[in-house]
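Attaching a single structure in structure tokens format; questions to follow.
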Amino acid sequence: MDPVSILLGGFASGMVLFIVSVGLSVTMGLMGFVNLAHGGFAMLGGYVIVLAMKHWGFSFLPSLALAFVAVALFAVVLERLLYVRLYRASELDQVLFTIGLVFVMTAAVTLGVGPETQVVQLPDWLRGQSDLGFIKYRTYSLALIAAGTALVIALWLGFERTRFGARIRAAVDNRRMAQSLGMDVGRLFAVTFAIGSGLAAVGGGLGAEILGLDPNYPLRYLVYFLIVVSVGGLGRVTGVFFAALLIGVLDFVFKIYFPKGGTIFIYVLTLILLLWRPQGIFGKRGA
Amino acid sequence: MSAATQLARRHRFRWWELLPWAAGIAVFFVFPNYLSFATQVLITILFALSLDLVLGYAGIVTLGHAAFFGAGAYTVGMMAMHWGWNEPISGLLAAALVAGAIGLASGLVLLRTHGLTLLMLTLCTMTLLEQAANMGAAWTGGFDGMPGLSFAKILGLFGFDALYFRSQYLYALAVLFLCFVIQRMLVYSSFGQSLTGIRENLLRMHAVGAPVRARQVLAYTVSAALAGVAGALFTQANGYVNLAVLGLERSAGVMIVLILGGYGRLYGAFVGATAYMVLEHVLAKAYPTAWQLGLGLTLVAVALFARNGIIGIVDSLRRRLAGSAR
Amino acid sequence: MLETKGLCRSFGALEVAREIDFRLERGARHALIGPNGAGKTTFVNLLTGVLPPSRGNVLLEGEDVTTFAQAKRVKRGIARTFQINQLFRGLTVQENVCIAVSERLGVGGSMLRPAGKRADVIEEASRLIGMLKLGEDAGRRIVELPYGRQRLVEIAIALGLNPRVLLLDEPAAGIPSAESYILLDAIATLPKDIAVLIIEHDMDLVFRFAKRITVLVSGAIFAEGTPTEIAANREVRSVYLGSALDA
């Protein structure tokens, strides 16, 4: 396979990882909360999209929108009712709670829909190949790359140019000071958590072709999401972006050249990277 | 009783500490057809005990403890398959050594971090070993593992009984007892007390001059060795080893077992493992998805309301009764 | 005994310690005062190794301890209390003090012998607990105690480390004034050659305890001298003491 195809393929996977993980990075950086259930929101989004398209007659893009809104609302409810009680709790309690939540989500989906892998039917305009001039490549992958790039730009602008974004950045940098400045941190958390989970939902659906979609999705990809978030640096959108691309490309390459467990290099790399810079490539030292 | 006397007597044996062992022996006679299951419970208790040392006492949150269980399991498996060495007791020791060495190496390196980074790295280390086991099929049997292992007689006298698990059960019980004695000694020593200090207030431990990192690494290493023994027991008792001894499911599983019973308490592992596995045995077979749902809800409830597990609930009940009796 | 030379510390553009040359003599009864935000706790953090300096040195009896970690400085004889209690909250008072004494006696890492069999540790801890009038609370967990009593445990731990230099960060804060004598009595029993530095806002306590006072303002030493000199110093009065002294 030629290098450009490899890069494009890797970037496409990376974009999916990015779209799913960016919410996790921001909420973990913002709330300091170890949310192992984040993959669950991605899975729920995927399932909403599948159901919307198969049973409720939605077409592709409206399904994405529905998934975003539905999961975001669900996330807000969970956050205000349950998550909020554990913000001051120990790391162990947070791990326990979110693992339990994953189990509940997985079981609910199995009971409600079934244990089989679900397929997201791509619309016609995303199928086939596109001619970019220098290369012909899968339209779907190119669309993923475009979507991911658009998202990172939009998020970057949102963080750097809006007041809301500034508040998030401030609270990520120093939560206590932000609170003492009178920021309504509670509302900030809720909105950020909602958007982050909504994005994960969209990512879960968009990435169904690449990552698959079945009840075990959250636990299977937990390590990858955590790697992307840790390596990128908590709360750093650009950090998550580049980390996701890196992991996406590496994973793609290893699957081709070392199909039987080449992903081991990703873990080795992560180990070395995090030991050298525990705060991630882009993270701030000394949280 | 004055506080000083209370502290001075804390390590003394109480009569009810014999109960678990009496029950263990009773099971041998009362449930002769369930000894295979009972052996799994014993192995889980030992694994949970090892996790308690590092999680319950030292406060190190790890999702990768199965790395050491797997290391012990595969050590025994590989020794039996490739070198024809299947003497059980030396197998246990070898497993403890290998797992302990991995624990020491990874502890020295990982425990320089904390929080999410540490959690992440423990997960990474374990997944790395899992992938290595998957890749090294020539050594480890890859995805299918190594089935059909047989082991020599324990002490040359007691053969492994694949059908009824009689000698396996007593063997596991004896090993558990020895390991428990070690754990109990550690917990009640000054070292154990300092681990609790590290868990309760890291800054304070530094500020009293304790060599915090060294203590953490030591706890991590001993815990890894004990987990390795549990893994070795698994391979020896069951006669096979495969990738399921590693991985998130096993790590999360043992953590759940420990929390449900009560972490940071000597007998939490006993209570948690027995309760969980009995319930799982009864319910999960019949309704696997409902079991997962129930388990998830239980974990959420425990995290919110009962973070000290069953023993914690019993404790607070006792305290409330004592309070109302005054 | 404890000395700093040109000690500086900044966080980006914010200088929290500026060229601090400080001497704590053997047997000193020294108080460090200053307005809020002057950098007093930061200074103690620099002395104890919680915070590394941007520039400058910390010397203990001539030995340069600037690069030493917290625990190592404790082993060399520097002990401190924290402005906000740092205790082992789930453990009892007895256990809290025992942990400190165990570390001091070097048996904290012992794995074989039960902690309960270390009579020397337990007795020493009981002695300190008695000295701080915590006897009847010895068996209670920290979380069950009122804040003022917790503060006394904080002191007991520091004393249990048998330090050569004792740094107390607002030790009386939170202790009801009726019980503050316990604190002063405990300090009075300390061996005469131990150096004690107190950060305090309670001027009553400061003037009863201190033989020397240093005033810190905006990270730099503003004035230093005997209590009488400081009380008479008009600049100090205007910057900090104000009406508190006229009262």
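Remarks
As written, the chains take the letters A, B and C, and residue 1 is the first residue of each chain.
Convention: a contact is a pair of C-beta atoms (placed from the backbone, for glycine too) under 8 Å apart; a residue touches a chain by one contact, two chains touch by 3 or more.
Note that the structure is predicted; figures quoted are calculated from it, not measured.
Chain centres here are C-alpha means, and the one lying farthest from chain B is C.
Taking the mean of each chain's C-alpha atoms, the chain closest to the overall C-alpha centroid is B.
Chain geometry summary: the mean Cα position of chain B and that of chain C are 42 Å apart. If you average the CA atoms of chain A and of chain B, the two centres end up 33 Å from each other.
Rounded to whole angstrom units, the spacing between the C-alpha centres of chain A and chain C is 47. Counting partner chains per residue, chain B has no residue touching two or more of them.
Of all residues in chain A, only 28, 34, 82, 85-86, 89-97, 99-108, 110-111, 115, 219, 222-223, 226-227, 230, 234, 260-261, 263-264, 267-268, 270-271, 274-275, 278-279, 287 touch chain B in the complex they form.
Taken together, the chain B residues at the contact with chain A in this complex read 55, 61, 63, 109-110, 112-113, 115-117, 119-121, 123-125, 127-128, 131-132, 134-135, 137, 248-249, 252, 255-256, 259, 263, 289-290, 292-293, 295-304, 307. Listed in rising order, the residues of chain C touching chain B in the complex are 48, 50, 69-72, 74-75, 79-80, 82, 86-95, 98-100, 102-104, 107-119, 121-123, 125-126, 129, 138-139, 157, 161. Taken together, the chain B residues at the contact with chain C in this complex read 1-4, 6-12, 185-186, 188-194, 196-197, 200-201, 203-212, 214-215, 218.
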